[in-house]
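To start, I am sharing the structure in question, which I have written as structure tokens.
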Amino acid sequence: MSFMNASELVMLSNLLDSRQPHHGLARQFYHDESLYQVEMEAIWRQGWLFAGHSCQIPNPGNYFLYDMEGDSIIIIRGDDGQVTALYNVCRHRGMVICQQQEGSVRRFVCPYHQWTYDHSGRLLLQNGMQESLDKSQLSLHPAKVREVEGMIFISLAKEPVEFDPVEAAFAPVAKPQGFSRAKVAKIMDYDIESNWKLVWENNRECYHCNVNHPQYIKANFDHYNADDTIPRVAERLKAVTSRLEAKLAAQGMALRAETGMTEFPDPEHGMWYAANRTPNEQGYVSETMDGKQVAPLMGDYTDPEVGTLRIRSLPNFWIHASCDHSVAVRLTPNGLSHTHIRMIWLVDGKAVEGRDYDLNTLLTFWQLTAEQDWKICSSQQRGVNSHAYTPGPLSSFKEYNLERFLRWYIQEMKAYLGK
Amino acid sequence: MSFMNASELVMLSNLLDSRQPHHGLARQFYHDESLYQVEMEAIWRQGWLFAGHSCQIPNPGNYFLYDMEGDSIIIIRGDDGQVTALYNVCRHRGMVICQQQEGSVRRFVCPYHQWTYDHSGRLLLQNGMQESLDKSQLSLHPAKVREVEGMIFISLAKEPVEFDPVEAAFAPVAKPQGFSRAKVAKIMDYDIESNWKLVWENNRECYHCNVNHPQYIKANFDHYNADDTIPRVAERLKAVTSRLEAKLAAQGMALRAETGMTEFPDPEHGMWYAANRTPNEQGYVSETMDGKQVAPLMGDYTDPEVGTLRIRSLPNFWIHASCDHSVAVRLTPNGLSHTHIRMIWLVDGKAVEGRDYDLNTLLTFWQLTAEQDWKICSSQQRGVNSHAYTPGPLSSFKEYNLERFLRWYIQEMKAYLGK
Amino acid sequence: MSFMNASELVMLSNLLDSRQPHHGLARQFYHDESLYQVEMEAIWRQGWLFAGHSCQIPNPGNYFLYDMEGDSIIIIRGDDGQVTALYNVCRHRGMVICQQQEGSVRRFVCPYHQWTYDHSGRLLLQNGMQESLDKSQLSLHPAKVREVEGMIFISLAKEPVEFDPVEAAFAPVAKPQGFSRAKVAKIMDYDIESNWKLVWENNRECYHCNVNHPQYIKANFDHYNADDTIPRVAERLKAVTSRLEAKLAAQGMALRAETGMTEFPDPEHGMWYAANRTPNEQGYVSETMDGKQVAPLMGDYTDPEVGTLRIRSLPNFWIHASCDHSVAVRLTPNGLSHTHIRMIWLVDGKAVEGRDYDLNTLLTFWQLTAEQDWKICSSQQRGVNSHAYTPGPLSSFKEYNLERFLRWYIQEMKAYLGK
């Protein structure tokens, strides 16, 4: 933490302690450059980050880059089919090796002096150098990587927290979706003027949905109060839930107990990741404008009524998957008040655009809903920048997950400072 | 002053003390980021700022925003006709409430979760929140505001200096101009690459006018020396002054003693504001290209010969008002080396564009003159950035008001540090 | 060094000490803002900087500006034919005096208040100021300047290192090229996203040439190993060297002993400057696409076979001059990770574009070669920004001059801190 001196660390520690429960964060959390640098170390360089989908790199030699706060990581499928993550930095003079955002390579050849590495990062050739050099000490620096049911996660930490429990939670729920046999229908990239936490705060409540997401609320129950739903809604929810349970059972799947308005995260129990199925509103088999299926069934599904598969992991990932398509959201901080957001739409690997699905029809629902949120987050950033901004109270009915997110955030920051 | 540690404060204090009288300011004053932050607190968040004209918000519910260094202030006319100033930040999650720069609202409804406030900032509705919340504690944060003869001033200070003497000085002189019954003919916004002080330094002397303002000097006497005018000019000035006194008397107004080349500011006597009438050159009844009237008479005027009404207040406002139109200039710092400048042209409220005035004819004189200055200030900023820049001597004949401005600035900064 | 406190100075000193010989520099050298500020003082405001060619200002009153890190320097030829360097900042209020990048003036007249200076910077007129001012104390601040055989060097240091040895080294080698009788064929300006040191590191080795500079390696021997050349190449080099020696002797010039793969710089012997002639490949009389002459012979040359005249001085200059044209490269830091680069193509003063040379044919070779390097440097900057970047080993055969450059850099920085 060379970017903070002792008195700054005390100030940061006091700031973390001063957070008032059930209220937002103070202005400094969105405004202080050195606090942001601590976040990068405490959270973003410690945790597991969703990088992309396995189906983006189906064959040996296929790679894509994930650029994270000044670092460029190569995610490549090796000859043995395993995925490897390598820093995109030559061990000779620090040159960026892969200049394209994605592609396919037999070997990595640095464009500066042609040092050549294999798919695992091992240095093969360094023509022009003295013989005495020990090539084994000059492999590309690796990052940690895990592939689970078609989702690739990396960690920049030397010793990240264990990933096995995440895999255990994600794999059985995600498996029927068939992510690994899917194909990319569309990738959209956004750079929004908002601190990354505001994007999560927005994601962790549907209090704002009624007015801001006219499309989304037709398909979902999230905007109703957690523990105070009116009888008519409770009945409707009960009906779709029973129906979904039956449908899933017929396809060999189970609806897990916590289905519905999932509480997430659960920092006191170390739950920074979760996967579940959520019932849609009556008449909606897919998160689309009219609720109708817009592409062929994915994965193992034999019936479109599978609800929505939702997976999330902090600090950078969530996905909504319907029977026929999925939409992943990947966040990456890009400075104190900017966040890069990538959205990835997948469909079944055999689906053909124009024949099996119309791209616009596929995109509209989530493109609209997401862009409504990106606009909110950008406006909110300008508001919390104000000297007059003070943290307000959170709704106990509708913002309990936001409160959980903030608890998780404070807990992670304190844990790091305590080290 | 959390942005400065103890040793930085000592350095700043020494820097303020080191200013050589009758010379410009040293390079650091235009170049040091933390000094700029102190200025924001010592001057801009302490003083009274011109926000705009009353006629921009004639009716209840009309509002406009004034964005000042990260803060957005809503200036709104309430149902009782009074003007209120509120921070444009929801008390719930810090969202920007008014997204448009101006408009009309029945109530303020936050676009994020629809918290609803009345024109005075009182929280009316917060659907979705627990009943236990005390709404009376969640009004929009207010700023201080005063309306005087059609000019609106705000202060972001908790306890600003008293405004009554300002009103006493401005009201009688400004009243006949009828600002409150006027209408906006044009608003122009500039963002220039210059520290805000350089803009004032430019404003406080007319040594530069001869060559740089060929239009302005035809209409005005400012470019002549204060105490060393040649007999021919002194005679001409005496003639127009007597003539103006007679004309004003006939309209029930008096030309105040200090009329002419006014000395402003007067920091030793606490005068950071001033209002007076200044005679124009012979044949000029309006600050226009040919000196002719270009729009109907404003306010109470019955004769075009009223000279120029000039009002100024530090740190952000001056206005030149002829018989037929007025041009306000509002400065707002936008970082160390940028200043946002708004110019507002007013004409009589009943005047109709195209019938009673031609917009281009109305704008030309001050648009030319102002843009000549903005260009100078931007060039000067590049010059004072140089390592070779050293403060030079000021002219005792022509830059005495610049010297007064610098004394005022140093005085305000020291007063703040002394607290 | 007000921008560094005591503990930062210790950290910097340790950083300089920690450099591992025969390896690149650590990440901080390309990433730390305050280290960059020290470099500006220790190297850029101490050393001699190539500003431009004499033939850009052939006549009295001709001037051009050199903008260096916030400072603007006027390089002007005076009435006595001597070149003077003056800071482009009025002694009155700090205004930029010359607004155009180049031009011709009888006197310098500040556009703000018309203070007027002669070509030597002496204040002549200051109308509007009190008589008591001592004009002799208000000359434009001067910079040091030296003109040698058509090349102009300046220094912003109060007491720069002596320039006489540089002149002694450059003049005899450069004289026959006739730079002072030349004319500008083209100036190209680049702003590349790269720290200035990376540009030098690239310049100081030709290990990267084989793949990156297909045009350059046809004309030159640089890409072969310094001390390990295969017999076929050694033979070819020997042949062109003997041939060049004979040709030069016939023109009254000598090929100096160190001709060939010059070792530069030589920090242990204070050599931050060097000039020599290098033989071209067989069949190349000019650094052009096909090796043929593309413009009339320059200067005193009577035979096109003069090899390539190469001159370099740290921290900002190198030139390649063939028999018929020369290409100067001038570097200027523009922040931590940007470098402004000016390239100047000269031809003989009597040559007429379209008649004696085709501009595109003249430019292609070096424009291609240079832009290949600018692209490399920009990519490398992104790589060394990575948290995973660690300095790698340098080639003892091919990067010995890079190693010398880094030693020079560390030596200069330490010398400054030691003061």
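Observations on the structure shown:
Here the chain labels run A, B and C in written order, and each chain numbers its own residues starting at 1.
Operating definition for what follows: contacts are C-beta pairs under 8 Å (C-beta built on N, C-alpha and C of every residue); 3 or more make two chains touch, one makes a residue touch a chain.
Just so it is clear, the structure is predicted and the values come from calculations on it, not from any experiment.
By the document's definition of touch, common neighbours of chain A and chain B comprise C. In summary, the pair chain B and chain C forms a contact in which the copies contribute largely different residue numbers, shared numbers making up under half of all those used. Centre-to-centre separation of chain B and chain C, using mean CA positions: 49 Å.
Among the residues of chain C, none is found touching two or more other chains. The residues of chain A lying in touch with chain B in their complex are 24, 201, 207-208, 210-212, 225, 376, 379-380, 382-393, 395-398. Against chain C, in their complex, chain A makes its touches with residues 45, 70-72, 87-97, 99, 111-114, 128-130, 133, 138, 141, 156.
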